[in-house]
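Each chain gets a letter, A, B, C, D, E and F, in the order it is written, and its residues are counted from 1.
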């Protein structure tokens, strides 16, 4: 009964309601749209804010073995998840090698906004995620890109010209730099320095997240409506992946000794699929892969699934495991 | 009357993530310069796209003016990418002033 | 004496002063300009904020007969105002059928920013507008478009191809969807859910309104300077319309039993003229109508008149009627 | 040397609110695609305009490449709107690569 | 078939701060209108630039359609600025509909 | 020892750390970038905020002889600094007349963001700058442009056509109008009116400054990397100018009786170089001058130097002079 309520509580949160408004507006083909510069600005703001907050939290708590274990687990999961996903995409999903590799890379990587939303939803339920998970988020962005590429290109020589460019794109992409950079700033500035900028980065946070999720809802639904390349098998996988990977993440989290909230957050990271960094890398490295497949799966199915269902599910699972 | 000369104007529609590669090719062809224009949305065989945030699906239009010889060099250099990365290239003759620059 | 002071009090408010700065800067032909994406972002923010606030207010107060009466009055006034306006535009204003219909539609519809500014000015004078007026604002946007089109096209077959497109444009235009959507979110989330996002949507509100009105001042004055199609008769009408319609709105408000503040707000809605939703609909449905006429009247004359004079006037009138 | 073929390049300046109607016409003419570019300001017989917020007065530039036959079809389809909605259409010959796409 | 006529299309790349001067010249040449497009970045003899905020280094593209005679007048008028202010001007023939407007 | 600490304290401030992050990200050639509309929006916000705050401060303190002296000193220094700078640029810097005049104009004028950052750094050290310095900032923007042009054009007839355009550009440029306009609004609205908009303009200020300096760091480093026209002599001057002009400003500030903080701020204004208003004026009036020289010097060398070193130095000097 209590669990039931906690599963549905998020639907009274403005954060989730604005996401639903976005989905609905696009479904009705309204012309509501967020200017691109504003959306980019909000995403930079959200990343700087969680980076700072995480850094300050670690400045307070200090670094310990738990942090190292979480980072190692994150990297390992980001590498490994594409391997399983690839196999299923080839067999059950019937995709060719290139597209299967590209989609697999998305599911190994992570979605910043899913993580941020999870933080809010978990927080509202009394589950406070450890600050160092921002660093885990950042390190999980890229390994999956490498294993995805490896899978897609087995037996084909890579494109020499672009290797350096790709590695830079992958390791120095905007979100990794901003997340780790503001994490480091939070660490150095500490609670005292953070206090100066708290009004912007903390008070405004939930409101900005509302508007950002409004935009995500608009885009996710529009893309689904315009989708041509999707079939039922891929839709099934786009829901099965977060369920499976999220459960895996929660289990690993508990295995390495994370607390309830932090293990749930690791589950959310595993369940989430990238729709920013990885697509950009794919356009560079695997232009033959079809964005109509990988973006639609990650953005229009997995992302809403996680926001609306997944996060609450992994929270419940993590509570259950903790007894 | 001011004298004009004929040059090639080349416009290339390309994923924003690949602009750098195209402009590197232009520099390599020793063309004196290039200019990038923003693009809002489009539709092709791969379906519709929109200036979709930071999602790696947005495009740009690279424009360059060059002599006919250099234009041919550029097209040769870009040829492999034209197919693999789905660039859209159009090219036509224009009159320019101060043609010695190009 | 006291009334005099209350009439001039708004001119010490930063909100009005920034609007004047915008008018002045454009008149001096300064190159001061607000980036378009920022202006659009601010207008989305303002609409989401008033929608939320109105919804939360109704969540607290509940829905009653007053709300229904106000909604009905709003729809009726939005339909009716263009009829009178059209007659005057044809006779006194000497416009042709098309342009008269287009202008009439603007005056039946409403301006969101005028409403928002009125809320602030009335609030500063101790007059708190009922939350449900946001819904009235939203429902008044579109009926006028339909009566304006009807007037403009009497005796000419409509353009079949575009009917569906137009209706979607009219009923699902961005501002209607966002206003009603965030109103609904406010209703569902209630005061508790709203508390989470209040720092962004309430604390920042007046400051954002300042910057937005700076932009409106810049645009209104620039358009007036570039205007070619305007003549004295149309200028007279652009001032007479808000005076007449605003008085009508206040009277109707009192007649249906609204309180002083809310009746004044209904007056402001009637007095205000659209310069966003209606122009967009006109470009689709009546491209022959001249934006140089309808936009200049609504944006460069009626809008500043309402901001600087009208709002205070209707507040005073509403107080007077209440005795 | 890479082979090029001649196609028509058509550019149409149109109220942003009407872009959809133009691109529908392009799709109906069975042209393979189109691209929309933003536009900042302009001036014509109706006076000056600027990218004025959401006020319905902003414009876009729709660009499409097609064969000569399809271009003619498109122009026929758009003709009524050209006058009623004040579109500005220009058209010229360009060289394209991979011409079989268009 | 809809009738088209031939006109000149002129495109001028210019510092945004100078757009006004170019459009004044267009008005002075009695051309009926012009349209400004945004530009994102570029590279030339003076090195690379980007749409660098309000730093006075950003550029715009001014596009105008006119008769051949007026085009010549415009080019004459702009000639001094072309050199001193480094404008980039290209010009070519296009087909237009409702040619009497231009 | 104490001074040492105060010199390094700024490096724990998020404001400075975000600037360093920007420099670093560009140096590593990351694709991190702030959308242009957002950067412009933030700069408008910062100018409106400091204008308002200054006006409110003067509304409280009143105007006196000190204010007049500071304004006069500001104008005189802005006129005079280019004369010395020009001589050095011609002789030691080996620039031609045109480029020397253009660069000199930049160093006589001021950088708004340097001033804003100085305000924060000084404030954190307990030094509160007088509100009227915003007006001094505004009046120092333009005189230098005139003396720079005069120097560059000695013996060459000016370009008649553009004189009017240039004067408008110079005296009505966006930042002058916004700074003086919001200063006036602060004066008129006073502390009571300001209270309404304080949440936006004061609470958010430092956070916005962080993101803005992130962008400035990105741009400054990118420009330095792409620079072709710079040589060691010019780099030396780009550091010598702020040292010399800043010292001069602090001395003049003490001579005319300004308090420690305000004299330090005058030093910062003299030390800072314009990279917005002046480059735009130069493109109009002296298109032959090379932005690769003047922008790179002012933006990529002098600006970072002032942010990271200069401000603390002038604060220390001003304290020293006060005994």
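To be clear about the criterion, a contact is a pair of C-beta atoms (placed from the backbone, for glycine too) under 8 Å apart; a residue touches a chain by one contact, two chains touch by 3 or more.
Since the model is a prediction, treat every value here as computed from it, not as a measurement.
*Asks:* Both subunit A and subunit F are touched by which chains?
*Replies:* Both-contact set = C.
*Asks:* Which one of the chains is farthest from subunit E, going by Cα centres?
*Replies:* A
*Asks:* Considering only mean CA positions as chain centres, point out the chain farthest from subunit F.
*Replies:* D
*Asks:* List the interface residue numbers of subunit B and of subunit E, divide the shared ones by all numbers used, and answer same when the ratio is over half, different when under half.
*Replies:* Counting which numbers both chains contribute, under half are shared, so the two copies meet through different residues.
*Asks:* Suppose each chain is reduced to the average of its Cα coordinates; what separation in Å results between subunit A and subunit D?
*Replies:* 39
*Asks:* List the centre-to-centre spacing of subunit D and subunit F in whole Å, with centres computed as mean CA coordinates.
*Replies:* Distance between chain centres, rounded to whole Å: 46 Å.
*Asks:* Suppose each chain is reduced to the average of its Cα coordinates; what separation in Å results between subunit B and subunit D?
*Replies:* Chain centres of subunit B and subunit D, defined by C-alpha means, are spaced 19 Å apart.
*Asks:* For subunit D, give me the residues that contact two or more of the other chains.
*Replies:* 37-38, 92
*Asks:* Taking each residue of subunit A in turn, which ones touch at least two of the other chains?
*Replies:* 35-38, 40-41, 169, 174, 203-204
*Asks:* Which of the chains touch, listed as pairs?
*Replies:* All chain pairs meeting the touch criterion are A-B, A-C, A-F, B-D, B-E, C-D, C-F, D-E, E-F.
*Asks:* Show me the residue ranges of subunit E that touch subunit B in the complex, using the header's touch definition.
*Replies:* Checking each residue of subunit E against subunit B gives 13, 37-45, 59, 61, 72, 75-76, 79, 82-83, 88-92.
*Asks:* So in the complex, which bits of subunit E are touching subunit F?
*Replies:* Per the stated touch rule, the residues are 15, 17-18, 20-21, 46-57, 84-86.
*Asks:* Report the residues of subunit A in contact with subunit B in the complex, numbered from low to high.
*Replies:* For this pair, the touching residues of subunit A are 36, 39-40, 43, 162, 165, 169, 174, 215, 219, 222-223, 226-229, 275-276, 279-284, 287-288, 290-292, 295, 299.
*Asks:* Sort out for me which residues of subunit E touch subunit D in the complex.
*Replies:* Going by the criterion above, the answer is residues 1-2, 4, 7, 9, 23, 27, 32-38, 60, 65, 92-98, 101.
*Asks:* Touching subunit F in the complex: which residues of subunit A?
*Replies:* Per the stated touch rule, the residues are 35-38, 40-41, 44-45, 48, 52, 168-169, 172-174, 177-178, 181-182, 184-185, 188-190, 193-194, 196-197, 199-201, 203-204.
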